[in-house]
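In the two assemblies presented below, chain A is common to both, partnered first by chain B and then by chain C.
Here is the complex of A and B:
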């Protein structure tokens, strides 16, 4: 089939009479104050909350009151559920599902120009990607402020800023917010924005489901934050029963928050997987798919299959709290271990939901700044699939010290150590690409290199932790805390920053300031390590997690860690300052391809048109033939009939 | 599973590109349907895991005291109705393939009725269960299954109803006898949607049989 070579074009626009601007568009979608946007969503959510609360009190008056709180758990749960439904109604996410009941197909979507489109339910994956950027930064900023509060409390073991109850609420909220954010931090903004561009598609497979995934993600933020006015929850982000069962009304926000975010995660994974499977441009065989897309596909598979377990676990928890089932109540025939198993069956794949997109970004960036082909591309792709598959078989290592059958430990120790093999593949692919390379130390590359440094420490300590004897000694302490901050923050967040600095010029048409970017990197890298490395020592010396006081002899190390954490927080202020400076105060127009990348996403026009590519491109090879003499052209972009061909220098030549 | 259209401002497309996009949309409906079933399988597997975990643990000998069971008549009725609906949907799709749209529509609407009655029975069963939700492990998992099955039946019936409603509207809009059978893009997408929906109903019936055995027969 000829797609982008010389071919006659049929203009759909010219085949019909010029449409009126709002022809076939319902009033709810037209621009203006009467249309549906974030404002109407907030109003509908508030109304939904009030209605749900009233309904709960009406239906279950006199029934399940939460002990010592004077609150009705059913009313609280229904209030939050109806608030989410109201939010979705208000933003317009339910227009189409309701219209389908009478057989209507989708309304025409008006293209809203200007900033207001970012506050609407939109079908353009690029707008959704940018919405996600703001959304995840909101999560990150909130979670970061809570982290500052934690480190402030830990400045002294005897002088306290918060009481023990408030401290554990802050720790729990910090962990939950950060973990929810981390599941979407790369797939949401960069996956949604760039996957269609990288596979040569003009669209997402299910654009409404994509938009739904974002707006319910924001609803989840509201639900989890509602825990604070309800008095928080004392369980940490893992929500372990039986503490969960004994907790106050804030626990419902935690359980529902995870279920709501889980819906968004499933929707996002489902849509991206279907897009990658079905909308790859002609010629983009599986061996030519960019490595970032492989990472996102593996992540999408994990999101689609692992998250339903989280949803089920959350649902059972809400049922325990409201209709008084006993899933997690051992005294009534349930089991607190059931939560632990369900939670970690999702929770460990979630670690790779967070890690894999980071690996993908780093592997995508390395060839650009080393001007070398990606070393062992197929091994990297196989490693990602291997990690995704094995991640379903390791969850019990989180329960080594819980009293599980000791005979189970060696099996899960083995599977956990096994997963380090495909992870090692990906690491070695990076090292192979760096080998004898002339590296350009641009800001994205600095962040990418830091991922290797941080993840090496996080990964090696992970191998220690998978060993039962070591695990017995260090579980539940700061050693574990430091390990997962090294993998998640040191791996994922640094990779996100690498991706953001790398792709923001394409997303916004503006370059980030290099000097400020370097300041951001060095402060973040140095103070990240100074914050978290001492925690390994603190953990080995016996300080437990989630406790607001500690032994006096650990104060110096804790103070060192706290002061470093404040400076780490300051590094994020540099990032925000850079963002404001480069985007609004003194914007510098980005060149069409500032890094001379071969990636297909850089070959489209700037700014990217609504339909991404003027013609659907025909892919001729993979995008990693850097510095290869006589390398084949990457793609036939089909513009102007003869077809633009992108050479291995990253330049488009006709 | 028809959420594949993006009616934005008109653009210039070659016939090949239009066909390529359409194939992508049809493929998305096909693979989306299978992914959805995969997702649902893990949701139901979580419930099944909970069932067998609590059954094996039998904490405080409170898995199922006195071998009490949810009303078996309700269980058979609900599953029987979902089976009938699934068989009708499968039969209807075969008739649609052979060009008998009316047969598909009649089978489909009877299927919707079965789905709604099954849904009502599943909700009404709450008034007839002989135990409190938290009285045992069995009682808890049964309530969990009931809530999930309410969602499943409502979702599957919604999918069937919206497909039928689309069929009627296509007729009205096109003014032709069987627009569902044409080679137009909307008809091809419609048929892909019918195929995915039929597959899901089959899944509902099969998974329902497994849970019927677990909760009412074992």
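Here is the complex of A and C:
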């Protein structure tokens, strides 16, 4: 197909050209302290919180045992809503819609140079990508510290460090913050940064929505920890009613926290899906789209379609706890099963929201380090779509012992086990690519290989869980806990690290230190497995999740797991040290294409200009023609004529 | 021509080696597992459901081990042979042959599909012949052991009684943060002790007075969520005398971790005499309790935890009588 002839680059280029010059400098970009930035956002959020809290106590003043009691759910709900609105106003996210609302011409956000753009409502997807890197690391390290606290308590079979109330607060915050982090850890930073570069686009489809998704994601961090003054919430990340209905105002922070993060997830998913569908460069047909983009597209579809359920379910919960509706209150005609079903109808696609981007990264970087084309590209893409589709038909496997209609159990057992077929495609793709390769064990490759090791264990134990008879043994115990840490941490987080080591040189122009990277990898890999593998056995031996006491004969295994967990925590310190050392203290300039990748994202100038491509590239083929004699050129970048065509065979790069 | 033959020979050599190593290791691992580990896998053999689910777990493991070993051997072989650090690694070849291989793809998809469909079919059969495998089947169980339906139906009447060989109906009432048990075939007395007769099919009827709990009788291999105003029925048949642990396995508030106790499987004779003794000893308390029902709802004072009679309130009733259940105090 001669795409370049049919779709001239000029028209595409003009359709994605920068916004026309604006009338004045917008408030978000005004220099100095007159502008809007994170500082003004914090001030506005605090003011909003105080106002909402006062309003909540005012409107409930007819109920003296609630108003000003310190246990007023309505006050917490209104405080958080106004705080989030204040935060968005303060950062400038609402300038454009508000101006349009009152019929004025909105200011265009212009790009600010210098470091301050990272603290502003910036529309450049590359800035948003880097903001997300810091954002998700904040979530990750906070959640990690909470995990250390959990393992400290579990050093002893009785309660010894934290009281049971504090312990359950820590468990709940750990689960929730990590789940929130995991929804965005790859799609946020790497998806936002690299999808436009990989599909040959100058920008995202909706830059304001893209910036909005990041800033509301950060607001979610504040919202979820606003539960702490109320003693947290006692439900874990699953928030089951009626415990949810019974809990104090901290529960509102959980429910609104997921609603706020959910808004960000929907916004990010919608924006990225629209970008991938509509902003591909000429010639970037669906069979040439990099596999990472396929993974992000299927993830974005899940985010867009599954998250609204969570959003609505969370708002029902808020209504139950504030204006006394009875969605989840059984004795008033509601049903606790309603929450379970709504939650897991979101929650299971969510699990794949956390798996698919990891597959994408691994499949994307495997060819680079094996110098071979990606094996069975179409199978990989089909697998991701298959997983995404099937993920909507498995949620009741979380409810096998809950007392729902048992007729459905064989069906959900079947669908759950069927999903391991498309999930297994990633192993076919990986093994086919590794076969007879010439593997360079750079740090990203080590992490990618580890994903196969960990995810295999996570996936196989998932089949055990899906089997209803075995599920009776392992449901609700440490076996499940270990299973999903193997898939989310062993799969997603290792893949994120692979992606970070792989792409940070492009994002920052600086190389991560290899030695420290290797130390980070080996400590993380070894201690991850030593932490979580014993938990399978602990679970089989009868320890339920979220307990602070356990049978005395399980102490040795628990202590082993705890000590490994502390060392696993230490490996993240190595990562942090590497990040600081390589990015700030002693930066080493990265070569333009340090891994000799054929990907389009590496063919852009370094650092990437604001509009990515001087001219919209014309894509000739897919980016996996490694070690192929006479391979077609990847793309016509249009700089200086055909002489500058990027070769797509691996060898001639150097 | 020579080189193509060589490379094809080479190829089959690699794959054959991987296959042979996988086979040998898999057979060894499976045998070791089945004979050394399998018989000790939790939850043991105290009941029929425990025994069946143990076998089920072991069969899954015997299928899973070769999968794990196959992928690991492949990865290990790859790392050992095709690392760029090795001196004489051939340059990889790109091109269509390296991009896809219809035979390998079809084979992989077929094998995984067959394994998955077999596992699903096997699981369904085990679930049905195991009468729900000890899991909670909700208020209307579809897989019931013989005699269970009659015993359950009779339990709500005053004619309910038990003799060795009959199905024993036990109600598990969960609340923050303990389990209590009612024995409708012995006048509906309520106790904190869970004593069961050996060689007897038990119908556990699990419900909750407040939030969701989960009744997990670990060695009995019974797990059923305790939902407020919902009866969740699980079956098993006891096969051994001894003690067992009961834990709550659904987060139910701050003392969830402390919500556990122990039960005991006794001989039918000992059980009968224990039940008769407890029934008469608890007679006065039982008279104060609400009539035996599958579920209990809070009374008008329920929000404050007033589940028990205070003279003017009818605190317990069945969910079937919605609307008539709350007499205000």
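Simple rule for what comes next: the second predicted complex is superposed on the first by the 606 of 654 C-alpha atoms of A that agree within 3 Å, B and C clash if a C-alpha of one lies under 4 Å from a C-alpha of the other, contacts with A are read in each partner's own complex, and residues count from 1 in each chain.
One rule holds in what follows: a residue touches a chain if its C-beta (ideal position, glycine included) is under 8 Å from a C-beta of that chain, and two chains touch if they have at least 3 such contacts.
Computed from a predicted model, the values in this text were never measured in an experiment.
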Touching partner for A:611 - first (chain B), second (chain C), both, neither: first
Partner chain in contact with A:316 - chain B first, chain C second, else both or neither: first
Contacts of A:202 with chain B and chain C, given as first, second, both or neither: first
Contacts of A:114 with chain B and chain C, given as first, second, both or neither: neither
Touching partner for A:102 - first (chain B), second (chain C), both, neither: first
Touched partner set for A:330, first chain B, second chain C, both or neither: both
On chain A, the residue positions that both chain B and chain C contact, one per complex: 330-331, 337
Residues of chain A defined as touching chain B within the complex: 1-3, 7-13, 16, 19, 24, 96, 100-109, 111, 123-124, 201-203, 205-209, 266, 270, 273-275, 277-279, 282, 304-309, 311-313, 315-316, 319-320, 323-327, 329-335, 337-338, 341-342, 345, 610-611, 614-616
Residue ranges of chain A touching chain C (in the complex, touch as defined): 159, 164-165, 167-168, 234-236, 238, 240-243, 246, 330-331, 336-337, 370-379, 400-407, 409-410, 413-414, 417-418, 420-421, 424-425, 427-428, 431-432, 434-441, 449, 452-453, 456-457, 460, 463-464, 466-473, 475-477, 540-542, 544-551, 624-629, 631, 649-650
Residues of chain B that touch chain A when the two form their complex: 2-21, 23-25, 27-28, 31-32, 35-36, 38-40, 42-43, 45-47, 49-50, 53-54, 57-60, 62-63, 132-141, 143-144, 147-148, 158, 161-162, 164-170, 186
Touching residues (chain side chain C, partner chain A) in the complex: 11, 14, 41-43, 49, 52-53, 56-57, 60, 64, 67-68, 71-72, 74-75, 78-79, 82-85, 89-95, 98-101, 104-105, 108-109, 112-113, 116-117, 119-120, 123-124, 126-127, 130, 132-143, 206, 210-212, 214, 216, 218, 221-225, 227-232, 245, 247-258, 260, 297-298, 302
